[in-house]
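You will see subunit A twice below: alongside subunit B first, and alongside subunit C after that.
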Partner chain A sequence: MSTVIEGRTGTAVIGRVGTSGRRIAGLAQNTLWIGVGMLAVLVLASLIGPAFLPKPDSQDLFPTLTGPSAAHPFGTDDLGRDVLSRTLSATWVDLGIGLVTTYVSLTIGIVVGSLAGYLGGWVQRIIMRLSDVVIAFPFIVLVIAIVAIIGPGAKGVIVGLIVGGWAFYARFSRAEMLSLREKPFIMAAQTLGYSRRRIILRHALPNVIRPGVVYSFSDVVLNILYIAALTYLGLGVQPPTPEWGAIIASGRNFLLTAWWITTLPGLVIVFVGLAFAFIGDGLADRLRVQREAR
Partner chain B sequence: MTAASTEPVPAPPTDADAALLSVERLGVSFPATSGETHVVKDVTLSISRGETLGLVGESGSGKSMTLRALLGLVPSPGRVVEGEARWSGTTDLLALGERSRRNMRGKEIAMIFQDPLESLDPVFSIGYQIAEVLKAHGGLSRSQARARSIELLDRVGIPAPDERLRAYAHQLSGGMRQRVVIALAIACAPTLLLADEPTTALDVTIQAQILNLLADLRDESGMAMVIVSHDLAVVAQTCDRIAVMYAGRVVETGTTAQVLEAPRHPYTAALLASQPGPAAAGTRLETIPGQPPQMTDLPPGCAFAPRCAFARPDCARVSMVLDRSSREHATACPMVEAHEVARYRRSM
Partner chain C sequence: MARFLAKRVLEAIPVVIGITLFAFLLIHLIPGDPVKLLLGPRATPANITSLRTELNLNRSLPWQYVHFLGNAASLSFGKSITYRSTVGSIVSGRVEASFLLIGYGLLVGLIVALPLAMLAAMRRNRFADSAIRMSTTFLFAMPSFWLGLLLVIVFGLKLGWFPTSGYGSTFTEHLRSLTLPAITIGLYVAPVLLRLQRSSLIDTLQSEFVEATRARGVSERRVLGLHVTRSSMTSTITFLGIFAGVLLSGAVVVENVFSIPGMGSLLVDSVTQRDYPVIQALTLIFGLTIVVVSILTDVLYAVVDPRIRL
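This part shows the complex of A and B:
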């Protein structure tokens, strides 16, 4: 993570020398673009890959459990299915669920949290006690409980991650809103005779959303990990739909003889995790540099 | 006066008729651990059309809170507990509902704040923000709003206004920002402009420019202004009348000349004596002994007594309410005669 360290030491210099400030801003942008690039590579591969690879569900029982080769770069599993093909087509499932759960949670959390912070009173009490209840549970236990109620499958995972996820966004949106509410520009908006709705939606929310968006990138990674973990436990996406956790789970019996079934999809998860972490880090740096420039 | 002199003389216009805004015994209080803390109490002010009133006092003397109370923006859990504020002799601003209050804000009464950076929304361009007021109150179309925004920015002295519309608050200098804030405030041609320390966050040279701008705008549009400041020089330069506040009360009011040249309250005199000036060059600057009182723990009677050079035992029974017998120049100190205060000043 040399970029981050350089970024840190560099920020001290920003105030003094304009050119080095620009260089640091450039570096921060680079982390952002490295992340975006990594993500683009994966998405492109999963778009183009299927044209050259066997179908993810097509079985070829003659050469099962073959190691990585030119024909099967990630090897084959116990049913002779191409692991790379399955991993790539799982990208849509994992990224899709990860993004949906994160951004639905973010939207719900920011809206109710901001309302709680701005309105105060009983609205705040109800919303914050609800979020206390959610946060009081260990996250994975709560999600498993909800999946148990709804039933295993993508739907259960999505609902579970959203029910568990909104509370964090609500917490810090409320905190942001509380400090924002005291800002003169919010009072200035009041003195200009704007309605409460306009002040919340037009002036307060855009200022709350920014930190939420930065945080959400690490949340996408976490949610992808939870999806994989739940599927690994048999609670998530059901076979034969390819999903990273499912692929890894299917390889656990052959860990010593066919390491590629678990290891290579695992590395893809790490790759995606890094990509989102870079994006989040780059965004945070850019926003911080902007704030300091003010 | 011939035959008509037998006719009953029409009653002279009362205060309420003449004044654009007349505030009577305004009180704002916050709940405290023991009972209530009255941060504003018995504040009586009146502002005529086109007049500029200076509200002077130390930090925490209740100046800003008085302005906020007029707009219905006292931060919770504080609230207005007593008094009335008659707008044009009729509507009581303090008793208005939320909706009618909103219609007053911006349109009839506008306000500008101390820190111009903090009072502009960081995520929108200034063009957007000015157009927003115009659209909210004036019902202007997009292109009309844009044209009017350029006009407003030009009026408040911003060069190349059409380019500046795209700028964000952090890209402008302090003086420019305050000009933008003023443009926002005057966008709907308010009848009364409340300025809360409008120049405190600015350089001295910029201060003068902003004050001149405010005075020009007032003369042009005939709007009334209330300028809150702790800087007597600012007030002396721009205001017709002055009200001096201490511990949430108005202790003296009068025309600028009366208050600055012949103060009648010992606090005003002490405040004036602690202003640096060319006459005092080389001598030690006078200060008012002690600290402003804790609002939660006010001394009985006159709150200024513990710091007052004229304090006497009876001060603990003074009610700190303006003596209304002299309409023009009133003081809240019944103990000290004007000539005594004058002598005190000379001895400084």
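This part shows the complex of A and C:
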């Protein structure tokens, strides 16, 4: 059976349906390492690349808008800046915001959701109503509304992605906790007179975290896509900080004359997205997350 | 059925209160004085006082909230800051393009996803399935605005088949202008739709009634095309509420890429121009749309599957 986890952008169907045979299991393990390898390549490139490439913000106004060449593999933009160099230096911005927003959301969501599930009562009611409201909004509308409050910029996007992101983790952690509460090993811990705190932290939480972590890899992809999209719309990371969405947007006026400014940085986003998707897929198969979220 | 519907509507009330509260508080959560922010640095004290009175900011918060609810119920959200006309008239002029785009996009998504889901389910764990699976992962990782720009470069600029932006003035022009945006949205939602439908098809294919139908001598085409498809759709319907959120999110971005005069491009413009009354109205409309869709989903589900109503 596959695991259908209801996420905020729909569902992530985790794990292969009816995985059988050593061949597929082997492939599954490979996807994990392929993903890790792809990520490593990108991180290495963004570390080593700058040594061989022109500085991301160094302008060379003579050869502006030149196509891909050996000196400038992704070409140059209208200010003569090297597009590959800018794309690589944006890696830290996008990857950083993507990881921070995802794992802060995950932590808040799992803690809050587990408490709701374990304690029940009014704590649970308040937390669940709040998450209902968050989930009721189309995700990007909620993030944009938060940006409207805080003001366009990285801070607004980060807060927005967390405000929108925790609710999903809270919901499924609560569901998980509710079913865990009935499990013999938790009852045994209660009978042994362990404190509530110890039971939640030491016995229940590890079992809640696992599916959350597996799902979180697709969340990193989604968050990176949202950062890039919001920056493209002018609401995210502000210039001159290089960011993938911003670089793509800067090529909008030269779509026909300088297609490389828009198209090539997008390939890097796809590359990162695939890397995280592979890692998530591989992990799901390894950890054999097998539960129905509904 | 009436009781089921009533129960479902009652359940939605806390969410609706939450959505209205958030939209209401939007203007109060802005750090600093919203009025000074709205009027800019050159505002005179007289202007500030008059706008403060116009926005009722000198009344108590509960009074303002009740007032806001009353206004929202009669679809009046006050005056836009930038356009100097009522928010209601601005927003209502934007509804058509958005819904046309979403409908068109959904259609494209279904046309792409459903046949592929069937193929993947039938060739499970074989080459076709893996290839389809791989391409959904690829689509999932693709930024929608970037995909839109690629389509513009190829089909708009190089081949010149479709307009690259705008909306046109007649219905045929609308459809032509919305084709590239709709393909973008369609490809954006297709992976989600495809994966859901594939796993639901696989569950259905394994159920006994399919064997029974085959045993009755019903042709394979009819079994797959009618019985399996219909039965698998019921579980996909459950996700319609979440799916509507994905579609609307996609539309917000894509409308901006193609400069379509819809609610999504209005939302982004209003944030850039700090036009808070418009932002409030749109936040409310987007949130309530999802609530209504999810109620309709449950009703639809109850119609299709009578066991739910028990």
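By our rule, the second predicted complex is superposed on the first by the 262 of 294 C-alpha atoms of A that agree within 3 Å, B and C clash if a C-alpha of one lies under 4 Å from a C-alpha of the other, contacts with A are read in each partner's own complex, and residues count from 1 in each chain.
In the analysis below, contacts are C-beta pairs under 8 Å (C-beta built on N, C-alpha and C of every residue); 3 or more make two chains touch, one makes a residue touch a chain.
Remember, it's a predicted structure, so these values are computed and weren't measured experimentally.
Identify the partner contact of A:233: answer first if only subunit B is touched, second if only subunit C is, both if each is, neither if none is.
A:233: touches subunit C, not subunit B.
Regarding the shared-chain residue A:132, is it in contact with subunit B (first), subunit C (second), both, or neither?
A:132 sits against subunit C, while subunit B stays out of touch.
Once the shared chain is lined up, is A:286 touching subunit B (first), subunit C (second), both, or neither of them?
Neither partner.
Once the two complexes are aligned on chain A, which partner has more residues of subunit A within touching range, subunit B or subunit C?
Larger number of subunit A residues touched: C.
Looking at A:148 after the superposition, I want to know if it touches subunit B, subunit C, both of them or none. Which is it: first, second, both, neither?
second
Could you say whether A:269 touches subunit B, subunit C, both of them, or neither, answering first, second, both or neither?
The second partner, subunit C, only.
For subunit A, give the residues common to its interface with subunit B and its interface with subunit C.
Shared contact residues on subunit A: 294.
For subunit A, which residues are in contact with subunit C within the complex?
Interface residues on the subunit A side: 2, 4, 6, 8-11, 13, 16-18, 20, 24, 129-130, 132-133, 135-141, 144-145, 147-150, 152, 218, 221, 225, 228-229, 232-235, 245, 248, 252, 255-256, 259, 262-263, 266, 269-270, 272-274, 276-278, 281, 294.
Give every residue of subunit A touching subunit B within the complex, in rising order.
120, 182-185, 187-195, 198, 202-203, 206-207, 293-294
Show me the residue ranges of subunit C that touch subunit A in the complex, using the header's touch definition.
Those in contact with subunit A are residues 14-15, 18-19, 22, 26, 29-31, 124-125, 137-138, 140-146, 149-150, 152-153, 157-158, 192, 195-196, 198-199, 202, 238-239, 242-246, 248-249, 252-253, 256-257, 267-268, 270-272, 274, 276, 279, 282-283, 286-287, 290-291.
Residues of subunit B touching subunit A in their complex?
Residues 71, 73, 75-76, 102-107, 109-115, 117-124, 132-133, 136-137, 170, 181, 184-185, 194 of subunit B touch subunit A in their complex.
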